[in-house]
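Paired with subunit B in one complex and with subunit C in the other, subunit A is shared by the two complexes that follow.
What follows is the complex of A and B.
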């Protein structure tokens, strides 16, 4: 028994140690790649794991730790990071750092030198740093080079076969032919800067092609000169190199743009006009979806709250089927039923209604599906709330001569609202971000003509954000999308606090 | 005698009959998409335009088409969804209940703050940060390809990250109802906190775990936004929700049959589970939302 316990204890320690080591190794790997933020996160987590589970952390922290750490990294940190991205121009063509963007621009401008015949090279791995080097003969000497360094090799350190083939290099390992393809990506991006007029880059596993730069970058002036056109390019305020006639060199880089994403929401009519419509529909849609399904649920709960009706259980089971069908699937089925030509609904009613393509009909279709999905839940909670009202209260009202209608509006409804009020606020907050229904049913369409194809009549804030970030015809704009997410965070926060406060004061009054 | 029975009939008409009428109308509304899903799945003509409530030509052609479509590998999507949803829902339940146990049983400094912080975080849904989750996973992949875009591991971690927000309050509420005398007694008998948690609390809470697991599982199955952002809109790693949507891209009418067949096959197990465990799931749904 004791042996078993000790075995278990040892197993636990082993597990904790291996997780700690794993995280520490991950931290080093991140550091190597320059992701210092992820590195410090993994490092701190490693220390905390060891502290919590190994070096006698408190009991409660052992239970809270894994959930909290994942919550921080995958929920809280992304939210905070949105705040950071919202102040940048992060978008397609603006994801690199300035240095990376400039080397990409220079790389793009290389002009092959026809006069120089390709140079034979061998692929090697540097013993000291494990990086790929091309070793080749040029101008009577042997050289080892890659994108970062270019070194002359001492002839004494080289070993040749009788035929003059290079066999061994001190400090470098010649790569076996069978492993070459593993390094094809490194070789593709390899470019060796021999001098200011000659750049060598592998064309295959055997030969280096010679190039001359078409553009040069001067760090001092922070300018790129095009050697053929003699045109001068300097950085603009959007992280791009631009010349006096407005030509832009791609790619650009990521810079801080301050409040520009937020001000563009106000100043840029291409962003503002669709956004106003989207915001309005976000609210109307959420309010109507909750209100209509609540009314339907309440009415049904009242209708079927009758002890002598034996079949109400069967009805209840049928009514909750919308909850039991995975909603992505039911929404897609609804999308089929709503098709204009040949759709089941139009055929049933012998109509020709453009359900998903006309702005007003599409809104109606969305509300219909929203009510279909959420009335069962409203039915369940209102039934619960009605049954919780003590029959004495109702009887007392009857005796006092209250009509059915009076007893409903004066007694039942306030009591029900008091119970389900917080649930309605929560449902409203959720309905503000009802992405699935909008995106899968109409895709936010029909599209506004003035929005570059990004916003449509049925788009809500979250679906508009999604399209800006991942589906945009003019390039994905992560910066602007994050700014809209921040706006959404703020709206939800205010509404939830306001809604819950209203309910608190209502309760206080009762 | 006759008068009372006539009275009864009249009473039935005024009090019961109209309720049945309302009930039947709402029942048709509730079942409408399901009925047409079934009908289209077995209609071999595979035409949106000729589909009848009861198909004229019945058969399994749509199911065969569904399984033999190599461009749209239905079974692969199902497997992907099962892997992601099962792992993430299991982790959500486990981490959520570990946190809830500690918050329910251990008195420590910062307990109230933790509970409130969880409530506040819960107000801001994770999907609002989809853009930055994409950017984060993208750069994680630069160092560890397995944690990058197009892989299921980061998706599972993201969903697990939502665990505390989704389940903790509900589970804590349940653990609070288990009398602490039980674990006090066990403690006197020399049981450690781990033994109390695994041998006493977990067995007592099994029904709640099942409910939370299933609700999390269905929730993840239904998740479209983050899944599509992390796994992409093509490739073999897609989940069912993202994959089936591809069926209706472009020409809806052409794929209506196989699509409904696939939707039906995915609906049946979930629907059955839901109906069998109806009593527990309904309680869970109502209780879960009332806590936040």
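What follows is the complex of A and C.
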């Protein structure tokens, strides 16, 4: 008995130790990649795990701890992160940091000097600072240079082989060839500023290529000067270097833009034009989808609750199947059925309906599939709610002379709604965010011809947001998409609160 | 007792931790992202080089359409060393600052000028062309024993006769969008950006609703009514494969399907109503270098020694049914073979614009084609609206 207990305790300790170790490893890995936030999060979690489960924390904390940690990691952090993106200009052409962008602009402006043939160099490590230096012969003398410094070497400090090969340099260690590849990252970013007209940069492990700088950056003035046109570029408010005549140097960088993404939802006609239509369809779609599937579920539940009905179980099982099939599969199958030329539906009815390519038919097709997918759920919950109504109430109504219709509208329906109400609100919130069906069935299409191609007749707010964020043609605009998804969140949040309030008052009436 | 356990626990933890943060990866690994489905060809073509140089070449099928996600992944440091994209992404990639200039790497004389032009942008050359692909006209030789039509009149009369006699359901099986209909669009006088001798002259001059196009736009409506085009028949050759259509617009990617279906077909250029051949867009599939790659020397060596070789060009093209960009590799292709015929038409084609503005063009242009195909508006009206919206989007 005691042995068993000890075994269990040891097993627990082992589990806690391994989780702690995993977290500690994760923390160190994050530290290696330089992401301090995640490293400290994992580290603190590791300490807390050990503290709570190993060294005897309070019982409350043992229950609360996993939930809180997972909530922070999977809900709060992503919400804050994507919320923060809404206040930046994160989009194509604005992915780099300012430093990266400026060095890219300078690097792209380098003009190869054809007249200067590549210069042979030797990779060395400076004895004093341990940094990588390229040692090479230029203009009759030997030099050691890297991105920071450029020194002339005294010929007396150099040792040569009889063939004239450089063998030793005082103050520098010549790198063994087998170690070269360890330094390739340092070497590929090395650029030696010989003078204002000449930059030497390694093209491989043996040769330095000669370039003439096309632009220079002054850190003090935060300005880039184009040496050929003599034009001055300074940063604008959108993270780009721009000159007085409006020419932009690419790439730009990521900056905070405050509320500009939110105001552009209203101000930018490209975004605004389709927004009203999209919002309208978002609501109509959600309301109709929930309403129709609820009605269908309710009717079926009533019918299959009748005592006269035979083989109820078989029918009920059949009805549940849409719920049991992964919706990704069934939606794709529906997309096939709806094809205009070879689709089963059109063949069956000998029709030529453009199910997925005409605005109105596509909306109908979406609703059909939505109802097909969600009526089993409604059927299940309403069946439960109807069966929970005590038969005495119904009998009492019967005795009082209520007709079937009266007993349905005045007794069954209110009682069912009372149970199902909150679930309907939840289903409505889900339907407002029903990305999968829209994306897989029509892709939001047919596209509005007056929109920027991101919005179509069947787009709901979230699919429109997705297309804005991940449009391979127009370029991705994460900042704007994030702002829109915050808008989406606020809308759905308020609607859900309102819906739940309404249901509470309904319950109060009873 | 408790302390002892604690000690053992801490010790094993420390050991495990230090074991796991040991050196991350061996030197000499090159990661290359290619289009999905093409990875086997790239793997085979780089195996020799990898073995002789003792380098591990990781070929991953992570690219498809667009810029391969590099605009986001490059700066985040999770991108590959090299990746394959079509040349029309060049402008976007350069503006995002995620590719390295290959001015010093590319051997310009090994490629046709148009291909180099395609991967050049803002005074730099950013990609190494691998293969050139374009759409072409496929003719069903069982329905049309005379073979590929030499001129537009033949094509139109052949198709309408077959449709009215019930032998065919549609004239030309094709997607009804800008890319697939460009030859027809050009042949009635439209153009995306003004161009001369295969070079674009201005992105300010948009010709979606040019004078010529305005005059000839009703032809597209007529062809739609004649069922020369049919919006219900846009699926890669399905009615063509069934022998229910005399013509189809196909790409190198359709060939495997056509061969499998056992159709007898001939590949040719699209005849223009003005006489001669109407130009499609040609796309150059090219290899680009990630600016944030940590193995640039190795990547450069790979581009120089492998990607620019004739052998590599031939191998990739043979595996993917495309036409090699490398001039020497192209010379060894049989002119009468399917890829030879694609290539012959491709040589006349117009390189797809590679400017970042192209994103907006596709959006409005394809939108107009969709409105026309669904019968929502006449071709002229649709193009007029698209041209207006595009010009305002581009700030012209």
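Assume the second predicted complex is superposed on the first by the 377 of 510 C-alpha atoms of A that agree within 3 Å, B and C clash if a C-alpha of one lies under 4 Å from a C-alpha of the other, contacts with A are read in each partner's own complex, and residues count from 1 in each chain.
Throughout what follows, a residue touches a chain if its C-beta (ideal position, glycine included) is under 8 Å from a C-beta of that chain, and two chains touch if they have at least 3 such contacts.
Predicted model only: the values in this text are computed from it and were never measured.
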(request) May I ask you to decide whether A:187 touches subunit B, subunit C, both, or neither, giving the answer as first, second, both or neither? (result) second
(request) Return first, second, both or neither, reflecting whether A:342 touches subunit B, subunit C, both chains, or no partner chain. (result) both
(request) For A:440, select first, second, both or neither according to whether it touches subunit B, subunit C, the two together, or no partner. (result) first
(request) Counting touched residues of subunit A, say whether subunit B or subunit C comes out ahead. (result) B
(message) A:235 in the overlay: touching subunit B, subunit C, both, or neither? Say first, second, both or neither.
(response) neither
(message) Just to be sure I read the superposition right, which of the two partners does A:29 touch: subunit B = first, subunit C = second, or both, or neither?
(response) both
(message) Quick one: is A:352 in contact with subunit B, with subunit C, with both, or with neither? Answer first, second, both or neither.
(response) second
(request) Examine A:17 and indicate which partner it touches, taking first as subunit B and second as subunit C; both and neither are also allowed. (result) second
(message) Using the superposition on chain A as set up above, list the residues of subunit A that contact both subunit B and subunit C.
(response) 29, 32, 341-342
(request) Over in the complex, which subunit A residues touch subunit C? Could you list them? (result) 13, 17, 20-21, 24-25, 28-29, 32, 54, 92-93, 95-97, 100-101, 104-105, 107-108, 110, 112, 181-182, 184-185, 187-188, 202-205, 209, 250-251, 270, 340-342, 352, 354, 357-358, 446-450, 452-454, 471-476
(request) In the complex, go through subunit C and note every residue touching subunit A. (result) 5, 9, 12-13, 16-17, 20-21, 24, 27-28, 65-67, 71-72, 74-75, 92, 94-98, 101, 103-104, 122, 124, 231-233, 235, 238, 291, 294-298, 300-301, 356, 358-360, 362-364, 366-368, 370-371, 374, 376, 382, 385-386, 389, 393
(request) Please name which positions on subunit A make contact with subunit B in the complex. (result) 26, 29-30, 32-33, 35, 38, 58-60, 62-64, 66-68, 70-71, 73-79, 81-82, 85, 90, 300, 303-304, 306, 308-309, 311-312, 315, 317-330, 332-337, 339, 341-344, 347, 372, 376-377, 380-381, 384, 422-423, 426-427, 429-430, 433, 435-436, 439-440, 462, 465-466, 469-470, 478, 481-482, 485, 488-489, 492-493, 496
(request) Quick one: which bits of subunit B touch subunit A in the complex? Just the residue numbers, please. (result) 15-16, 19-20, 22-23, 26-27, 29-34, 36-37, 40, 47-49, 51, 95-96, 98-99, 101-103, 106, 108, 111, 114, 121, 123-136, 139-140, 142-144, 157-158, 160-165, 168, 193, 197, 218, 221-222, 224-225, 229, 240-241, 244-245, 248, 252-253, 256, 259-260, 263, 266-267, 270-271, 274-275, 278, 282, 285-286, 289-290, 292
